[in-house]
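Next, two complexes with chain A in common: one pairs it with chain B, the other with chain C.
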Partner chain A sequence: MKEERIISFPHLGDYYIPIKFLLNKITKLKVMESPPITKKTIDLGSKYSPDFVCIPFKYNLGNFIETLEKGANILIQAGGGCRYGYYSEVQEQILKDLGYHFEFYTLVDKDKITPKSLYHTFKKIDKKIPLWKMIYYLPLTILMIRYMDNIDDFIRKNIGFEVEKNSFSNLKKEMLDSYTKCKGFLSLTKRYFHYKKAFKNLKVEKPENCLKVGIIGELYTSMEPFSSYFLEKELASMNIEIKRFTNVSYLLYQKRLQRRKNLRYIEKYCKYTIGADGMDNIYRAKYLIDEGYDGIIHIKPFGCTPEIGAIPIIQKVCQDGKMPIIYFSFDSQTSETGIKTRLEAFYDMLTIKKG
Partner chain B sequence: MNKITIGLPKALLYYKYGDLWMTFFEELDCDVIISPNTNRKILEDGIKLSMDESCMAMKVYMGHIYYLIDKCDYILVPRLKCIKKHEKLCTNFSALYDLVNNVFDKNLIHYNIDVEKKEDEFYAFTTMGLSLGFPYRKIVSAYKIAKEREKMLKQRRIDKQKTILATSSKIKILLAGHPYNIYDEYIGKPVEKVLENNNIEIIYSDLYDDKYLEKEVVKISSQNYWTYNKEIMAAIIHYQDIVDGIILITSFPCGPDSLSNEMILRKVKIPITNLVIDETNSDTGILTRIESFIDILEERRKTK
Partner chain C sequence: MNAYLGIDVGSISTKGVIIDNENHILASSYIWTQGNPMEAVKTLIHNLEKQIDKKKVHIIGVGTTGSARKLIGTMLNANIIKNEITAHAIGTLSLYPDVKTIFEIGGQDSKIILIEDGIVVDYAMNTLCAAGTGAFLSSQASRLGVKVEDFGRIALTSKKPTKIAARCTVFAESDLVHKAQMGYQKEDIIAGLCKSVVSNYLNNVGKGKKIKAPIIFQGGVSKNIGVKKAFEEEVGCEVIVDPNGHLMGALGVAILAKNSPIKTNFQFSITDNNFETKGIECNKCSNHCEIICVSRNKKLIDAWGNRCSNGDIMNR
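Now for the complex of A and B:
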């Protein structure tokens, strides 16, 4: 008998839900997300990774190993961007050398992702995928991601001030569950507005002049809470309003549309783009200063080249705008206490500055 | 008219395009100042001026800029995003111009190559020449002469290496890595010295005729898109049957190298060692590792 084909992919925050939704709808294969990220994942990942590769590689590799152990045999990697684009070949080689048998597919081809190229990749995975399913479910998934990101923006602004503990995260869990059951555009949009209203009705006690902090930096550590040691949760427990720019809908289309406008906004500091999100982060730093935020937190994995290129420029922007900024660099060996201590000191400084 | 003085920092891309830039500016009758080989002071200045996480080669580069800052009118800081279609460079090269511009207060020359936006090398040279105020025809002829001279010099070095490969019977080791790492006084030179003292013939990975690059690189990797790393991979495949061993030199923590070295180490079947070098490196550590590597190669030769 032929072996059952099980498709799997690495984690990125809550985005496993729309990805799983899309794969479930268009293919007839069994879809299984990787086991949730734990300390063991990162230990496994770092054990088999090159020495000074950036931390997302290690997380992804750990995810792959755990999911292969559970029986998956088709793996999907996103690709694109700076070093991400070359992850797939190296990871495939490492996993093959470890003795696993699987098929490996990369979604982003030569730094470009278009619906057409995506369709061709999926066609390689499963020959029976009909075109109409792609045409219908791909925009639906993108819309779902967009709705998720919109709600997330709202949550980040208010979660630090919730009256009833965990009310936001419980409602979010309920919302994500209901999203997976939706059938089409209408039912998705209905659910979105229903939960939007529900979130607005949750009780919050938000003071007029609360602390407002912006998170900028590299995309994986921004979007995967485990890799930043739940930085956003920590901030919320300090009653801080959080603004974060990077999310999947930004990467999918907003980034391309905004590039030229952003570059003009910071022309005093930058003449060219820096690669990956470097230029975007300089723009964000300037934007946060102009919007009157109280502080900036810059996060990145250790050795992230584009961000290292951007940091001296961000530093100058913040000096000119007299903006407090703190840099976190995450690695598999980062101590959580160290991050907490630095964060608390930063928080104290911001409160004193605000008076 | 007063002569313009141009500063060329002897780090990073100087080791790739140095001859080209030098000849171009000399043809245009400019004075050119090249910073000296990296020394302790340059390295320390560079470390002070850059982020602690940026790669060793970048730190050295910042030191060279600091050396040149009050010695010339303009400094050439290239910005290279993409020099071949569908390929990329390390993002440090696209950040270089803005980075230097923000850290130092100095006139820089615009030199931008981004082939995917139709800004090729010729375009970069003409805009650079025009911004310095030279007539267009003079720039074009200077560029042509410079290009020919660069080609000739490189061919001469490749031929020299070819004769060494054909005649020498000593143990041969391929030094593979980015030219700005191999030839730098503080990154690759200590390794070179040890090899020379041990009577080893050194083969350089950048002295490689890239006629068969695409064919040879797929033997290691088909998806790699960093132009300079592809050159290293192709050179390794090209020389692996002729040399006894390979030493990979990397500066810590080089982004592209971290992944492509892993592929090289997994695919190459002859003895290979990877030296990762940062500013706190000790020469003794390098010495021990290379000497034991040479011992392996000698034993291997005897058994053959």
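Now for the complex of A and C:
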């Protein structure tokens, strides 16, 4: 008897929902998301990773091991413009050395991802994927991601001021559940507008001059709350409005469209892109200053080279703009108390400064 | 008379002050934590109790800071629990209103606080690494067979400090062994160590920061006159060390307790209670949160460390 093929992928915030949706719609394979990230995930990941590799690698590897244990036998991994570009090869080798049997596919090949290359990769996974399904469901999934990100932006602005505890996160859970059941563009858009209204109707008590903080930095620690020790949740509990730029919509298309405009904006500080999101973060620091935000939090995995390159420039931008900024580096051994102490002090500093 | 108690529980030492309404220190104590913050605080409170007239002084506010602030805050039912960065800034500003830079080197951490017009505008704290802190100095002192208290005095006798690699504790240590075996004088090596602490500090937490006078240097390492001198040579201006420099965190949090609208009725007899902590592992999911439970006389008073409702012990 032939073994059932089960496809799985690593976690990144809530994005497992659209990915699972897409895979379910276009392939006939059984789709299984990795078990939720816990301390066990990162322990497993760190155990089998090179010690000095950046932290997303360890999380991804932990996800893979846990999902392989549950029976998955096809794994997919993305890739990107920094060390991320080597993740898949190294992870595949580590997992093979551990004795697992699986197929491994990389979505971003040679630093590029296009609908066409994506279709070819999927074709390798499952020969029976019809082209029309790809043409229909890929844009639908991208739209779903866009809608999720839009709502997330709204949530970050307001969740710190919710009147009823957990009202935002409960409604979000309900919304994501409903998204998975949608059939086409019309039903997705209907759901989006329904929930957009529902979110606007949630009660908030937001003072006029609340603290506003921007989060910039590396993409994985920005998007996977577990890896930043739930930084955004912590900020929200201090009644702070949060602005975060990095999300999947940004990485998929906005980044490309904005590159030239952003470079012109920070001409004085930086004249060319410096790898991954380095240049984008310099732009964001300047943008946050010009928009009158109260502080910036820069996060990255320990040893993230593009961000290390960007930090001195960001520091200069912030000194010129008299903007308070703190930096966090996350690793598997980061002390949570240390983060809390620094955040608290940052909060005190911003409040006293604001008067 | 109303008074306020501030306690700063650090990794190495525990500090406490009692202040009056004008921020004058009525009583103070400085003892070793010795890995047991709860016992240390009990001893500290006994020490403070002996220094004041209990009939006249009523403590109506308690504040805690330092790495064990939450535990001790719960134990003493404090009305304010503050991080050490803010506490140090407030404490120092109460004595030196025009200070611009605070250097602080403690047992396991070091920080820099920049102040403009009496407001904290920037700060940094060491991350991931304890190089160049008090713990490093005391371990090197025992390696050289010198008391850490004598370190500064010996360093001052050196005319030609030896250069010691400062980037990392491990490198510094092997460099130190190397220099000793080469035949360098002990006082030169000690002076070199003091210098390496300073350059490590300025290259780590002080990196990219605009250091302006007046500068206050505090924390346990500030008692080391050799480090103070090395700082002055490096930054090129006077570095002030207050005789009460080690108490600044405790003083700051006592002031914050004074300013807090909440008041408590603190009794010294609180130390007669039997406090216990217990770490348990929640096994409800694979995250295995480590939950710390604090109990007073066998009664659970607080718990923390859990991440979801599964581990919510307090409401059970």
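Operating definition for what follows: the second predicted complex is superposed on the first by the 355 of 355 C-alpha atoms of A that agree within 3 Å, B and C clash if a C-alpha of one lies under 4 Å from a C-alpha of the other, contacts with A are read in each partner's own complex, and residues count from 1 in each chain.
Just so we're on the same page, a contact is a pair of C-beta atoms (placed from the backbone, for glycine too) under 8 Å apart; a residue touches a chain by one contact, two chains touch by 3 or more.
Note that this is a predicted model, so its numbers are computed, not measured.
In the superposed model, A:154 lies in contact with neither chain B nor chain C. Looking at the shared chain after the overlay, A:48 reaches neither chain B nor chain C.
In the superposed model, A:306 makes contact with chain B only, not with chain C.
Judged by the touch definition given at the top, the superposed model places A:329 against both chain B and chain C. By the touch criterion defined above, A:338 lies against chain C but remains apart from chain B after alignment on the C-alpha atoms of chain A. By the touch criterion stated above, A:40 is placed in contact with chain C alone, chain B being left untouched. Look at A:105: by the touch rule set out above, it reaches neither chain B nor chain C. Put simply, more of the residues of chain A are touched by B, taking chain B and chain C as the two choices. Contacts of A:348 after superposition: chain C is touched, whereas chain B is not reached. In the superposition on chain A, contact of A:136 is made with neither chain B nor chain C. Overlap of the chain B and chain C interfaces on chain A comprises residues 302, 312, 329. Every residue of chain C that touches chain A in the complex is listed here, in rising order: 67, 82-86, 119-123, 125, 127-128, 208, 210, 285-289. Residue ranges of chain B in contact with chain A, taken from their complex: 50-51, 53-55, 79, 81, 86, 88, 90-92, 94-99, 101-103, 110, 112, 221-226, 252-256, 258-263, 266, 276.
Residue ranges on chain A touching chain B, taken from their complex, read 50-54, 57, 82-83, 85-90, 93-94, 97, 106, 110-111, 269-276, 278, 302-306, 308-313, 316, 329. Residues 35, 38-41, 302, 312, 315, 319, 322, 324, 329, 331, 333-334, 337-338, 340-342, 344-345, 348-349, 352-353 of chain A touch chain C in their complex.
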